[in-house]
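Please read through the structure below; I'll follow up with questions.
The letters A, B and C name the chains in turn, as written, and every chain counts its residues from 1.
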Amino acid sequence: MSTSALPAPHGVTLQRSANRILQRRREWLAAAGWTLCAGSLALLGGAMLWILGMVLVRGIGALNLTIFTEVTQGTGGGLLNAIEGTVAIAAGTLILAVPFGIAAGIYVSEYRWTRWAQTIRFLADVLVGVPSIVLGYFGYITMVEWLGWHFSIAAASITLAVLCLPYICRTTEMALREVPPELREAGYALGAGPARVTFSLSMRYALPAVVTGVLLALAISVGETAPLLYTAGWSNYLWNGQLVRSPVGYLTYVIWAFINEPFASANALAYAAALLTTAFVLVVSLAARLLLLRRK
Amino acid sequence: MKFRTLLAMLGGLVPASMIAILAFLAIYSWPAIDYNGISFLGGMQWNLGSLYANPITVAGVDILPGASYGIFFLIVGTLLSTFIALLLAVPIGVGAAIFLAEAVPPGPRLWLSFLVELLAAIPSVVYGLWGYAAVVPLMAHYVFPAMADVLGWIPGFGQPTGSGFGLLTSGIVLSLMIVPLIAATLRDAIDSQPAAVRESAAALGATRFETVWRVILPGLRSILIGACVLATGRALGETMAVLMVSGNALNTLPQTIYAPISTMAAFIASQLDSALQDPTGLAVRSLAEIALVLCIISIGVNAAARVILAGFDQRRRNA
Amino acid sequence: MDARRPRRWSKLALLGAVALGVATAGGASAAESGRLLETGSSLLYPLFNIWVPVYTKAHSGVQITTQSTGSGTGISESVSGLAQIGASDAYLSNALEKQHPEMLNIPLAISSQMVNYNLPGLNGEHLKLSGPVLAGIYEGKITKWNDPAIAKLNPGVKLPDDTIVPVHRTDGSGDTFIFSQYLTDTSPDWAKSIAYGTTISWPSVSGGLGAEGNQGMVNTVNQTPYSIAYIGISFKGATDQDKLGEAMLENRSGKFVLPTTATVQSAANSMVAKTPKDERISLIFAPGANSYPIINYEYAIIKSKQGDAQSATDLKTFLRWALNGTGGNAESFMQQVSFVPLPASVRKLSDAQIAKIGG
């Protein structure tokens, strides 16, 4: 159009300038947007490095091999009992929470128009708001006392599983929402039943997001102290294999109790435990991600 | 058994747990509910009474002399700290999610995403430690005085800037704890949007940012609200970290944004040990009543979110 | 094929339920003997932590776990039998003792409490403070450091014209218990309106702070100029390291003293004759010219009827070792936490109570 030798009519020139101004404004806004987003990420990264840095600096003194070989004794020692206990409790929690949580999430996503699905979703959101200390006390009265289990892995795992359930349920549901409906329709068209469609198609598509949800829930539950104080108790010794009537150690207890001791060795051990707790979740997270990558 | 029925049964553990907890709290705290009445919510005086004195009988109930249970300051503290936490976490979480999903090439994306998830991996008690060892002094010596200078004309932002333990500090620490919930979920959701959506927006001349902001995000509104609801729940129920940075106000309302507060969850944790020493048992039951009120607040927040979501759906249907 | 999957899961679920049932049943029948759980006071925790490794090395048949949860939890778990030793900084109240008459309050050691402050330039001096002055500070009636009441006790000291920041414990705490007892005994105003307990209704003082745990108190005072707090004696190392000021408190004879082994022992000895057989007594504001006013017995709250004979025997052996002057009450343990061993006659009373523990 502008190949003619004549200059463009006045209206067109104005329009093109206006377009250019508009375009520049949009580009400027986009640049501002990206800067803000980058800034947000930088803020989070900065905060995380600050926290980790503080824990590392203060815990490095106690970080040596004895942490992994000795149990917590007196005002120092190692963290073997706490590590073992944390792993056992985490395993128990996941075994209980993942099947029920994912099942709930699938149901809420696949049959979301039903009254039951709406009930599950609503109550899951409310459950997230229950303080962990309340869950701990609930577990204490019902399992530790009424059922006579005393301090035990069973009570601790069940309590933490209840803590995790709503997170896993909702994140699974949100993950499944993003599955394109065409995928499901194709599956049904090929004659697959609802179970097949869900597991082979929808869940496979949503698996990364579901795993993120499970890992988030694991992180939140492993980092808890209050509910474990009243259900797992604490033990200075290794787990004797009993599911009930046998208190176990856990890393967050060391963080909470040893930071308040007047002995420097205890304080350093507390920071070492903080480092290990974070590392534990990171390791599980990494392993899960690598497994997923390999599958793809 | 049909697949759907099995799912419905397994999934039923979630509502069953919540109902069990509500039932437990209601039954356990009933004597306290009965004795405290409505002044529980509006009362400004929480007093466990003389723990070592002999119980007296008031209105047919055994209580310790001087005991009174009013939690208004707790309700205010909880709602304000959660509100501030959300105010900070939502923009930052959304921004980080957008950046991770769109602007970062797949290589560094893995470990940068870890950065965000690592924030969730940090135990809440470590947040508390970092809060009072690092954040509180920083706020008290530099940030709060600067804020009071610049923003002092806004009511609630002026002097006194206090000791660093307080509402704003709690909000900041809480926001860091809940940001991963928003950022990670949203990042996954943006990632799983089909390329066709992006391509069609680009074909229409949208910049990359506009594609995300105006096309993809609005479609993810319900996911965002879902993540925010989870984040709100987490903030409402957070115990340990708030315990260490909030200043633990007793029977007072914050006059400025820097003033100490108490939240319901942290209060239950700090009072539980002493409440166990009350021979009448009314103290523990009143703590259970606090938990019940918190559950009801949570139900209220969720119901409100439902209504907002329904409003969006309605608008989409009408459009 | 799809119908098969649900059946496989329900079989799995059934298997899981059976396994849990077996484990539970097996657990219920297995004895918990040979294992003792101590839980409770965070003040006694450091002492138990230095006792247990030494004791278990000499007595390999028993496993003792120590836990810091708070005096109230210690009492509650000892009553319900979850723990064998409930560590508490406070004896059971009359009402609780009436509800649970089978509980024994057995003192194991004597601890004391410091009052620390952070006054720039004045932390090296030992300010003199009295019970009524402290009550006034924590009630909000005395707001400035150069208040006439404080100045009267400290003639010649240049007190700053700054607002006092009183710090109190937010968690249920034995330190709050003994501090508030001191205020109750010395200030009739405080006794009438607030009294004492492991948690009390602190009057709202503008700028006043709450802190978690003794470590929290130390940190808060360290970071907040013009603050004052009450801190357990086992944290003397921490307060010395942070160079916090330590107050001299007024005792019943009107003298101002610091908590040293001598002053604490003087107070303890003056109360020995008054200690009843059930050993439930407050040692606060003890008479004696050289006595320190804030000291207390550290108690092990034990149920006289233990679940099984083995636990009872293990418990008695351990407690006797703990009380012994060559065992737990030896100077080497006591000085690590700045506690003071029990006077001989009190030890005899404790021994008599230990004899009541049965299986």
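A few remarks follow.
By our rule, a contact is a pair of C-beta atoms (placed from the backbone, for glycine too) under 8 Å apart; a residue touches a chain by one contact, two chains touch by 3 or more.
The structure displayed is predicted, hence computed values, not measured ones.
The busiest chain interface, judged by C-beta pairs in contact, is A-B.
The most distant chain from chain C is A, comparing centres defined as mean Cα coordinates. Taking the mean of the C-alpha atoms as each chain's centre, chain A and chain C sit 37 Å apart. Note: centroid distance chain B to chain C, computed from Cα atoms, is 33 Å.
Mean C-alpha positions place chain A and chain B at a centre distance of 16 Å. Touching of two or more other chains is recorded for residues 3, 6, 133, 272 of chain B. The set of chain A residues that touch two or more partner chains comprises 193-195, 259.
Of all residues in chain C, those that touch two or more other chains are 2, 5-6, 69, 216. The touching residues of chain C, counted against chain B in their complex, run 2, 5-7, 9-10, 69-73, 75-76, 93-96, 98-99, 165, 170-172, 195-202, 204, 207, 209-212, 216, 219-220, 223-224. Listing the residues of chain A that touch chain C in their complex gives 73-75, 77, 144-145, 148-152, 154, 192-196, 229, 233-237, 242-247, 253, 257, 259-263, 266. Those residues of chain C that touch chain A in the shared complex are 1-2, 5-6, 20, 23-24, 26-28, 30, 32, 37, 39, 42, 45-46, 49-50, 52-53, 63-69, 80, 82, 213-216, 234-238, 337. Partner chain A is touched in their complex by these residues of chain B: 3-4, 6-8, 10-15, 17-19, 21, 24-25, 28, 91-96, 98-100, 103, 110, 112, 114-127, 129-130, 133-134, 176, 179-181, 183-185, 188-189, 192-194, 207-210, 213, 222-223, 226-227, 229-230, 232-234, 236-240, 264-265, 268-269, 272, 288, 291, 294-295, 297-299, 301-303, 305-306. Chain contact summary for the complex, chain A toward chain B: residues 26-27, 29-30, 33-34, 36-41, 43-45, 47-48, 50-52, 54-55, 99-101, 103-108, 110-111, 116, 119-120, 122-135, 137-138, 141-142, 162, 165-167, 169-171, 173-175, 177-178, 180, 193-195, 198, 205-206, 208-209, 212-213, 215-216, 219-220, 222-226, 251-252, 255-256, 259, 274, 277-278, 281-282, 285-286, 289.
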